[in-house]
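Before anything else, here is the set of structures, which you'll find just below.
In the two complexes that follow, chain A is the common piece, with chain B as its partner first and chain C second.
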Partner chain A sequence: MKKLLLAASAAALLAGSWLAPAHAEYLKEHRGGTIRLLARSAAGTLDPHINYTDQGWQMYQPIYDGLVAFRKAEGVEGFSVVPDLAEALPTVSNDGKTFTFKLRKGIKFSNGQDLGVKDVVASFQRIFKVSGPTSGTFYAGIVGADKCLADTKSCTLEGGVVADEAAGTITLNLTKPDAEILYKLALPHAVILPADTPAEDMGSKPIPSTGPYMISAFDPNKGMTVSRNPNFKQWSEEAQPDGYPDVVQYDFGLSEEAAVTAIQNGEADWMFDALPSDRLGELGSKSMDQLHISPLSAWWYAPLNTRMAPFDNEKARQAVAYAVDRNTLVKLFGGKVLASPVCQVLPPDFPGHEDYCPFTKNPGAKWSAPDVDKAKQLVEESGTKGQKVTIIVEDTAISRSIGVYLQSVLTNIGYVADVKPISSNLQFTYIQNTNNKVQMSVTQWYKDYPAASDFLNILFSCASYREGSDASINISGFCDKDIDAQMQKALDLGVTDQKAADKLWAAIDKQVTDKAPAVGLFTPKRLDFVSKRIGNFKFNPQFNWIITQSWVQ
Partner chain B sequence: MIYAILRRFGQMLFVMFGISVIVFLIFFATPGADPAARIAGRNASPEVLAAVRHSFGFDQPLYVQYTRMMEKIFVTGDLTSFVNRGWKVVPAVMDSIPVTLSLVFGAAVLWVVVSIIIGIVAAATRDSWLDKLLMALGLLGISMPVYWLGEVMNLITQSRYHDSWAFSWVPPLGYKNFSDDPRGWFLTLVIPWITLAILYIGIYGRVLRAAIIESMQEDYIRTARAKGLSETRILFRHALRTSLIAFVTLFGLDFGALVGGSALLTEVVFGLHGIGKLTYDALQNLDLPMIMATVMYASMFVVIANAVVDFVYILLDPRLRAS
Partner chain C sequence: MSSQVAAMPRKTRGPWAVAFAKLATDRAAMASLAVFLIIVLACFSAPLYAKWASTDPFASTLDAVIQIDGADVPVMEQSTEGLGLGYTPIGPTWRLGNYFLGADSQGRDVMARLLYGGLNSLLIAGAATIFTLIVGTLAGLIAGYFGGITDTVLSRLLDVLWAFPIYLLAISLSIVTIAQGIAIGPIEIQSGSLWLPIIIIGIVYIPYVARPIRGQVLALRYSEFVLAAINLGVPGWRILLRDILPNITTTLIVFVPLMMALNMLTESALSFLSIGVQPPAASWGTIIQDGQALLYTRPLVALVPGLAIAVSVMALNVFGDGLRDALDPRSKVRLGRD
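Moving on, here comes the complex of A and B:
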């Protein structure tokens, strides 16, 4: 079926313009109108090469395109990569180190310029020239990236990204094979912008785009207007389908409470921020049909500092993992609808996930109940009983309540525990810096792309630990040479055999979980509250609600 | 006169310098406040972190950073936010002034008129049930925190009774430009005006009543009575006028502070993107350039408002004119 669709869309491309019948009919019937979105505040810079927020990434989907894209579809389908500005997925050669893309012809930017191979080369250079947040990680494997990282201004990526103007092809050379490169290329950090885009953070200035929409106005204090790109002609329904609303008006500034009321009154269609928990009961009873619950590939966890007492002791760490009642945490987060208990690293339905829970009564696949006796016994054995532990949490209602709960758990199993909430904006960098001597904290990790390494390798590899730096994402300071070697092996294996690699990742997940460098708390879910007039709500697992695939009339 | 103005100006510069240094130092003394990692993004590599640190000048000594920031605010005016990068903070503050002025000015008219009426009525009917009722209501107004009152107002006008005849006219939260839609501007601001004014009506009504009662015992009132002036004339021409001095002092300070951003909670609750909301968001995001710009703006306003109050004193009180 999928293949058929692919072939059909390729044929359609030749024919000029074509839409799947359903989509085409719907488009005629529902096209038009303005969809109004609300958020407490803007998502930071508009520059897609720099913005690294869920809010920004979601909004970029109908605006910008990369060579490839995540399929704009619901469910697991949405995790697959499809060709976008490239005609097809790249041909791979040179033992998985060379990728050749053929660029589609006839695509124009919203400012009327034609898209060409030079734009692709310039965009890849720009990732480094603007010091994009992931330039040193996701894209560091491109040939010449090391030079670009050392001196951003003179970045050429010579030998790394090579364009053939005549053939309309771009060749991407990597220093070593990377199984995840297509995922990385499908992220907004690698979208293609006009070659003459200044090599600096464009901040509040919109950059011309290739998708069905363009940003036509932006004020971080007021809002963003996204309107139709007059030069857009649909080239691939699965990569970049035409949208329903004529305008997306994204307004910033209303509080969460006010936003809920505005949606109830039909004055707005959706809000980005999490629903205030005191309104959930009301919404659940009165507007159930306007609520959409979707799974997230995310992890709420409590990193334990493996380089400081008492959690430099493995038994002490396992004791905490045994003692935490995940059901209580789920309740604190808003109940079973909004979260589910977890004790391993990889979230459910994620590549490499195999249900595993050693830290529960009756260890097995699923968590059932806390085992406080076992925890107390482990604390005794570890000889850490009576030590002081401070938990650093974010200063939000939910994090504080989780912190206070964890404090009671630690006290119960024999520690002298204390909770310190600090500003949500500081906490995440504060807990990473080893100079702050954080023993335990509560934080979250959301996937960048659907690969096990995005959790395990990033959060628990030796390379992610950087002493004295605010950017040391291995918050636990966990470094196990053996596990590190296995992760490297799984990364390499993924190039040739993703299935086998995922098996290996599942084993690594178990090993890391057993060592308990962090305590898994729960897997959160996304709750979207939309207005009555929103039709065709679709949730993409990679970038959340596909805004412009919903209609308002 | 020129000397007085220059002295005021000197004071203003001194105050602003002091405040800016304090804000700057507090920011950098806060543990974990280093903005480089937050700007660079999660899991940034050391090279990227270093590049960001360098491009924002965080690798320079603090006094250099301070001087550069002041230069960018006051001389070149191109200081940009750390959070919404590329967003120039000085124009952002300028854009927000009309919103805050609309809110505070309307509320001020409301609270001055109503509190003068309440103060006079209460003083004139001293110790009667009406006086007691008005003072009790005033106390109630003072006791209600504005963020709570605002949320309750929203709950009533936007949610629970939004569809009833009484509140169906209330437009959605947010600000409308006066030049685009004068009627919408007025309607969206009515509820915020009332919410903000209630606190001040309570304070000012009580202050004015006390001042009138106090001045009614002054010698010049006895003289006026001895001259055979009517009680109404004594109350309005003599007692009220001198009583307004305390009122004006308070008003100057409150108005200055509100225009300077103290209407923060009202603006946040009603989704009005004025100075207060800018300050609130900047504090939430720990966005130093924006915090600095709004604080500078606020301190400037408080100093200016104080100067204006001093001049109004002279107009009100003949005794000050002579000296």
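Moving on, here comes the complex of A and C:
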């Protein structure tokens, strides 16, 4: 593990030095101006320890910093972790359970306060004090986390996060080795905030930051203004490069149709929301140069409740997987340019992914066509023919379309199906709660960080299933003790041999796919539509478009 | 000759005949009735149209190919220019039985869905109107005739219902029942059933009928013929049925088209918000919702059902006004809060 981290640091330094001159040169030429962004609504709370949205996480990138960060780069490079507020990647000891970071000196928060080790300790405590949404999962392995989870108010993480003021070091102690801890520390939920930040959801109040930008104004109904942090001095171009625009103005409230028109007219530079489907043809032909298509590590899928009829029967689940025409779904999503058909859980080009598709006309590596005859035969064999199935979908055009299509598929193979659209604000929690007895639904999962466990362990482990809870992310209720044991083994193996672990994850992916607790539908791509004046568009696979690395003048 | 005619006994027409004669001379009302009846007939022919057009208006047909002037045309056309992004449903062919109004985003025949949607909208609005009139009339009769504590309790219940904004109440009830349906004792209505919007819309408009009816019954309760019947020992239920109900019939008849119009609007609004008729079934509200995502490329998908709602509601309102003038020109029945 230690060797691996040293090699990563060396590679990071090399990459950084190679990038540096070009960035510095461009910075002089293009620095300044205002980037204008649009979204239908705000991303919720401003608090980075709480906000758990793509929109929020993307915006935090030039604002907040953790001890480590995902490299602000395009392609696979963007998945690598580099030191940020820490001088270097941590030294690892105690059989992979202790991580020691040395904090950089001379960094100030946007309010003028110096960054110190006490801020780091307080920030880790705050993750638990504000009941951060991932405090019980991503950070539960820190020594003392169990006490913090039981009593959030008096959280000290004693023995878990230890600061040495004189040496300027922070030592993170884990209860057991965790191969993914650096990824977790690079997420916005682990950014470092001033020690005196109140231990409560800050809502609409901006919290001082260390990055090149700070939030200078925010109204959840109108917009957010992000301006330069006067105390910022670049310390690592790969972790936190200085940005081009002076101001990022994010306005809320415009519909997707209106946002497209605003960008076409040069009144805005980018929109967060997906482009309206009826504008795709026009934009794809007339505004090609302003469109950027980027792969996403995401999965659109239809969870099948393995604890309720008819999908408590494996053959019934497999029947649905055979019957669904992925090409039709891709068509509904906008065509092959914007999505690819899938059968399995792990997205393409993701750690542990090996092409696999058993539920197709010619089973093998890739999906080719639905096998409706096989599906009908399986429904007959399962003895579930004629049973009623309700599909719960989000009340959005695309989700509703998919629901209606799946309803016709289920009807075709012998079920009595209907589809219920539920408000997008409610649907995701509704389908998780077992009290709602959801048989089938349509939803999406976007990776938190680039590890196979973020899909397989989170979505299909026994521990992710919680009876009667709105936070039971194992929506299928799938629990296979043997597969669970293999997942634990893969997690442990990742600490010493990530390649071998990924091989094991690939095998687990196949086993889960075979059991069909969910039907893989397609892998979406991100389509960004920018104004003509946007230059240097860079797409980071972890947090999407790197906003402040683009210029407007 | 003239003196002989004057001497003949004059045949007087009954109040109903007078009213219908008056209605028949109201050109606007009769034209509106004709328009509405044409819409009703067209909507009730939906299954026949779908069979004739060999189309299933409820199934996704994204890969369908139709023939136009001997050429094969895909129902969903992929953009062939530039990046080739997105699919656009076929536009109106203006050929009856062959995607006359084009297709929606699922490749379904919009004309067939429009007729089925109208059928559902009319059925829901009609059934909800009957429900509201029965329950509202019963509540108004009982409260107005028996008075006292009965009146107080019923009137306060109606006041509570009246206090909620109609759409807010309808939306709230729909959201609560949309996923699981309703189960009260032996009565069970499954989610997705058309009975859910019927009952919800029926309930929210009860005060609109019950309050004016109660007022009329209250006035009739102390009229001489009712007091005479009471003094003669005629049972209360008989007085209600034989003496009071016939006297409020004209009001109830006037309510029918006006309530239908209101109910159609409410049903469309609920379905547009995905809490009325559930997919893949259609109503004019759900078709507008489907068409919302196609406003830029295929605006007719949303515009035609919108137009159908507007024409139907206007026809019902104009006919309702004519009916009111014909049956009871002094009536103050108006639908609304004042």
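FYI, the second predicted complex is superposed on the first by the 534 of 553 C-alpha atoms of A that agree within 3 Å, B and C clash if a C-alpha of one lies under 4 Å from a C-alpha of the other, contacts with A are read in each partner's own complex, and residues count from 1 in each chain.
As a working rule, a contact is a pair of C-beta atoms (placed from the backbone, for glycine too) under 8 Å apart; a residue touches a chain by one contact, two chains touch by 3 or more.
On a predicted model such as this, the values are computed, not experimentally measured, just so you know.
*Asks:* Kindly classify A:33 by the partners it touches after superposition: chain B alone (first), chain C alone (second), both, or neither?
*Replies:* neither
*Asks:* Should A:429 be classified as contacting the first partner (chain B), the second (chain C), both, or neither?
*Replies:* A:429 contacts chain B only, not chain C.
*Asks:* Could you say whether A:397 touches chain B, chain C, both of them, or neither, answering first, second, both or neither?
*Replies:* Only chain C; A:397 stays clear of chain B.
*Asks:* Per the contact definition in the header, classify A:464: touching chain B only (first), chain C only (second), both, or neither.
*Replies:* first
*Asks:* Have a look and say if chain B or chain C is in touch with more residues of chain A.
*Replies:* B
*Asks:* Considering only the touch criterion stated at the top, classify A:291 as touching first (chain B), second (chain C), both, or neither.
*Replies:* Second partner only.
*Asks:* Please work out whether A:337 is in contact with chain B alone, chain C alone, both, or neither, and reply first, second, both or neither.
*Replies:* second
*Asks:* Can A:257 be said to touch chain B (first), chain C (second), both, or neither?
*Replies:* Both partners, chain B and chain C.
*Asks:* Once the shared chain is lined up, is A:535 touching chain B (first), chain C (second), both, or neither of them?
*Replies:* Touch partners of A:535: none, neither chain B nor chain C.
*Asks:* Shared contact residues on chain A for chain B and chain C?
*Replies:* Touching chain B and chain C on chain A: residues 257, 422-423, 430, 436.
*Asks:* Enumerate the contact residues on chain A facing chain B in the complex.
*Replies:* Touching chain B from chain A are residues 41-42, 44-47, 50, 52, 131-137, 140, 149-150, 152, 201-205, 219-222, 251, 253-255, 257-258, 261-262, 264-265, 267-268, 422-423, 425-430, 432-433, 436, 458, 464, 466, 469-471, 473.
*Asks:* Which part of chain B faces chain A closely enough to touch in the complex?
*Replies:* 30-34, 36-38, 40-49, 51-52, 55, 80-81, 83-87, 92, 95-96, 151, 154, 158-159, 162, 172-174, 268-273, 277-278, 281, 284-286
*Asks:* Mind listing the chain A positions that touch chain C in their complex?
*Replies:* 257, 276-286, 288, 291, 293, 328, 331-332, 334-335, 337-338, 390, 392, 395, 397, 400-401, 403-405, 407-408, 411, 418-423, 430, 436, 527
*Asks:* Going by the contact rule set out above, which residues of chain C touch chain A in the complex?
*Replies:* 58-60, 62-63, 76, 78-79, 81-88, 105-106, 175, 178-180, 191-192, 274, 278-280, 292-298
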